[in-house]
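Consider the two complexes below, in which chain A is the common component and chain B and chain C are the respective partners.
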Partner chain A sequence: MKRESAFAYFFVLPALALFIVFRLIPLGAGSIFSFSDWNGIEPPRWNGLDNYIELLGDPVFQATMLNTLKVLITLPVWVGLPLLLAIFIYLEVPGARVYRAAYFFPIVLSSIIIGTMFSIILRYDGTLNQFTGLVGIPGIDWLGDGRYALLAVILVAIWAHFGMSVLIFLSGLTTIPPEIIEAARIDGANLGQIIGRVIIPMLRPTIELVVVMTTITILTSMFGLIYVMTGGGPGTATYMPEFVIWLMQGQFSRLGYASAMSVALFVVVAVVGIIQIRLMRSQWSR
Partner chain B sequence: MFSTTRAKLGLVLTAALLATAAHADDKTLVVWDFKSSEPLMKPYFDIIKQDFEKAHPGVTVQEVAQPADTYYTVLGTAINARQGPDVVLLNGGNLAIDRAGALVPLKGKFADILPDLIGLTSFQRPDGDYVAIPLTVQGSIWYTNREVYKDAGLDPAKPPQTWKEFEAVCTAIKAKTKASCVTFGNKDGTDFINVIATIADGLWSADTRAKFMKHDLAWTSDDMRAVFAKAKEMIDNGWIENGVNSYSPYTDAVNVLAGARTGNLLGLISDAPNSWKNVEDMTGEGGIGVALPFAIDQDPSANPKRLEVDGGIGFGITTWSTNQDLAVDFIKTAVSTDAAVQLMQSAGGLPSNTKVDLSSLKSDAAKQVIAFLGCCSVDGRIKSNYVTAERAELQRVGQLLITGQMSVDDALQSIEQVRQKELARKK
Partner chain C sequence: MRSLLSATERRLMWVASAIMMVLALTTIYPILFTFSTSLKSTKDFIRHGFSIPTAPTFEKYLSAWSTIKIGEYFLNSAIVTVIGVGLVLAVSSLAGFALAQLQFRFRQAIFYLLLTGLIIPVQVIMVPLFQVVVELHLLNSRIGLGVVYGAFFSPFGIYLMTSYYSTLPAELIEAAKVDGASLWQIYRKIMLPLGRPALITLGILTTLSCWNDVLISLLVLQHDRTLMVGIAALRGEFGADIPLIASCVVIGAAPVIAVYLIFQRKILGGIIVGSVKG
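Then we have the complex of A and B:
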């Protein structure tokens, strides 16, 4: 048994080492620097909780958090849409194979390519407005007007990411024995009942996984799209935490403050993740 | 047999050692810029690389073209990591001076060529030393589309000189054409900062300007409020092209002017896609006019020097570079007369090197710009004097002012708060 454990540790070691070097140590170092005013050139000046106090009153950080909340509110769409599409593919609607390939397509494109593509489509003199102009609908500055920019980025982000969720759901669906669905059909269940009463409850662990992964994606991986499509603007309309952290450490050379933002983001991701898992577990156990 | 093998082995080892030794002498000078990917600028960057490598056998110049809109953020990351470039391209003003701690002071290293250069003040540290050596001089100027002017019943040879004339031009263009009156590229809020600086330039007295340059002018002051009121007038009167918040200053805005979709473009005088060379190439020779920033609420003769000029782009050397002597030689190559002529001819760059004969430029637009440089320029630019944090806030609020999502009062209050916060932090 001891020998088996040692063998297991041996295999875990490389991943553990990478985790410690590239995740844990930077996290620790970032946490320490978050108590400093440091421009990356001169030695850090330790300033206690000043950065965290500044965060609480920083309108840019507040706007960023508000944007994050707005995007999190759309989480059901990020998860529900791919879930529904995966179920339809699983139930072999006509053209299911084509849909599977089509939905997977955006995943192989980098966010920079997707961002550039949609910038051309959504800009004021872009394809979408030219098209709507043909039917007399006045153009909207999707990326340059604060009322629409975040919505535009969210829709593009959903398009860019949902293929991966479809794929995860499809792999989850293969674990559901077809006999159960067949039995439900024989018992007279309609499509809605099969999805709501049979498939979704059996897909519970996969849904949990997708919810948590998507939340992390929303909070930490929209950088590329924002960078290309809006540059965070107009104003602070499309600022998301990782984008602001990047600006703060690079453009403003405020590494201590950027570290405090990173710690705040880490706490938010952890808390939201824990709440989600607890909520879902209590929901399922009823 | 054995001795032959040994001899061959010896030969191979010797060759390998010689190759290694030669390789050890090879050096790479890493140069970061945000310009070499522009087609007009590429020949210049190619020629300085070629000339430098020819003069320094065994040294390779690795030019890394970084994206212009996020250059200073990427550069900040390199500065924090103390890794990356030996030589960096910088814009004049606070964008360069704010990074003085990461840049080698250059006054002593370039003493022999400094008397031949202009535009140095925008790279000058408070102690008088320089953080970078300018390649070009730069300033904001208006370009007009003559076709749009004609369509609006205006005289293309008489672009507006005053705010009142500008108002008349915009009213005519709006009434008689489908074009907008003004365009600029405000994705990331980039060009709103130029709009504000241009209005301030035409409106402020010398005293107010000096106060701003010393960072003594509050954003909530009456002088600043007057500048924003004019910007708001442009917005409220519908003079500005729809969609500027999603347009890039360097490509989209120029396309809009060249396509006769606007009458006036706020551009630059040198080495940029929105400067005379590219604008004229795209619109066609004789298709554009050039105008000084307008005199506002004063007679143009009372404030004739409205073309603000300072160092445009310049090369600095990073403190962590292990190739500082090579970097000095590279920059000297970059500002040399031969290279500067290439910069002027291919990219429309107005060189910092005063030995270059500008009269060799034959285009109409270039001649007008050069004439304005002679008669009507003033040293130092308001735009270069924004502190980084104020500049970022100005970019943000500018976009919101354009979409009507923020009032002038709130905008000014917001930038002033940033200014006060920065002042407190620096104490």
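Then we have the complex of A and C:
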């Protein structure tokens, strides 16, 4: 028994080592560096809460937060669209199988592939404007005009992620017994009532889960699209938290300041993440 | 289900179907468009932007190979993906076996500690992570990038393998021990073969994660490029040559699309396990 437990540690050791070296130590070190002024070459100079104070007054950070907020406002579309699609697939709309296969397709594509494809389509002399030009609609500089760039990134991000949500909703829908819907039917419920009063309430835990997962996606998985589609621009129009952290570290060598931003982002993500784990657990134990 | 609907509702379903078809076309169109563009010459693209290629040519694929070093990027991506996936499979099966089937102190604590990896995204630790990579001399090393992938994608694997191995009966191991097998033999001869279905799912999902990554790759490889970083750089370097960019996108997406078409069930199933339970 004693030898067995020694051996067991040997089995978990690689996992623990990778976790500690590449996640735990960086997380700890990051929070410490966030209290310093550091360019990565000279030793860090401790400056207390300066970074955090600067953060609050920094117009770039404020623009980033505002952008994040704008994206979060579109959350109902990120969740509602796949929800409806999944429900209609579940209700066996004509062509459901084909549609489902099509919707799942973007799941496996990288944000770089997706972003590059859409850059070709959305650029000012790109395919979309050529197309709308044919019917006389003036072109829009989707990626180069500050009024539209964030919207374009949001639409592409929804394109990239909605299949994943459809998939999760469909797996949630399989837990609804068909008898319940048949019973509602016999009681005289129409299609709208079945969707609104039976299916959506029963799907609530899954909806909560998708809301949380989508929030985390918005906070941490927009980098690739922004990097390849707009480079954060024009100006700060498409700055999102992770992109700015990357910028502060790599381009401006402001490591202490970037760390402070990271800590702020981590706190938000961790809170959302803990909610997610709770939801998963309730889902799991059902 | 459909038989239960009234005539009006059935018509409504057809309307919904039409809308959903438009969405499905929107999903497929960019991929087909990119593929068709990649087969055009620059002139053909400028003249006929949306039509199918008038004279399909592989010329852009050849110049992707010769002028952009796309082959080298491809090889880099393949190397880091193989290392990352190998590491994730090894680490997750070892830890999953121990956490699910062996008794030792702090077992629960270690399990939950490793799971917190799932809520520490790379984005929030990239500054100090970079320092760690530099300290360990992993910067600009493809092996280094593979190792970092192994570290980042293993918490999900550990979760998956632990839950998979906990479904195996404890008697299995007891019986093997009675027969005098060592823990290492049990791992090699029983756990690895039995874990195959889960390991295949994990391997495929991790392959996608490594192949598609760009942020970690930008951080660790600052001289070499993986395929995704190389493709991302094209817009600035070859921005005017759309068919060339399109051909590189096709090269980058083709392996992933092939994997998806072959392993669709495993991929979708694995994602569901990952989202609902871990």
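Quick note on the criterion: the second predicted complex is superposed on the first by the 243 of 286 C-alpha atoms of A that agree within 3 Å, B and C clash if a C-alpha of one lies under 4 Å from a C-alpha of the other, contacts with A are read in each partner's own complex, and residues count from 1 in each chain.
Throughout what follows, a contact is a pair of C-beta atoms (placed from the backbone, for glycine too) under 8 Å apart; a residue touches a chain by one contact, two chains touch by 3 or more.
Note that the coordinates shown come from a computational prediction; the quantities given were computed from them, not determined experimentally.
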item	value
Partner chain(s) touched by A:270 [first = chain B, second = chain C, both, neither]	second
Greater residue coverage of chain A in the superposed arrangement, chain B or chain C	C
Chain B versus chain C as contact partner of A:227, first or second or both or neither	both
Partner chain(s) touched by A:141 [first = chain B, second = chain C, both, neither]	first
Partner chain in contact with A:12 - chain B first, chain C second, else both or neither	second
Touched partner set for A:37, first chain B, second chain C, both or neither	first
Chain B versus chain C as contact partner of A:124, first or second or both or neither	first
First, second, both or neither for A:247, with chain B first and chain C second	first
Partner chain in contact with A:255 - chain B first, chain C second, else both or neither	both
Those residues of chain A which chain B touches in one complex and chain C touches in the other	40, 119, 227, 246, 249-250, 255
Residue numbers on chain A that touch chain B, as the complex places them	37, 39-42, 59, 119, 122-125, 139, 141-147, 227, 230-236, 246-247, 249-253, 255
Chain C partner contacts - residues on chain A that touch it in the complex	1, 4-5, 7-9, 11-12, 14-16, 18-19, 21-23, 25-27, 29-30, 33, 40, 85, 88, 91-95, 98-99, 102-121, 127, 130-131, 159, 163-164, 167-168, 171, 178, 181-182, 185, 190-191, 209, 213, 216, 220, 223-224, 227-228, 241-242, 245-246, 249-250, 255, 258-259, 262-263, 265-266, 269-270, 273-274, 276-277, 280, 283-284
In the complex with chain A, residue positions of chain B that touch it	69-70, 72-77, 79-80, 98-99, 101-102, 186-189, 242-247, 252, 388-389, 392, 395-397, 399-400, 402-403, 405-406, 414, 425
Chain C to chain A touching residues, read off their complex	1-2, 4-6, 9, 12-14, 16-17, 20-21, 23-28, 30-31, 33-34, 37, 49-50, 87, 90-92, 94-95, 97-99, 102-105, 107, 110, 113-114, 117-121, 123-132, 136, 147-148, 150-152, 154-155, 158, 183-184, 187, 208, 211-215, 218, 228-229, 231-232, 234-235, 242, 245-246, 249, 252-253, 256-257, 259-260, 264, 267-268, 271-272, 275-278
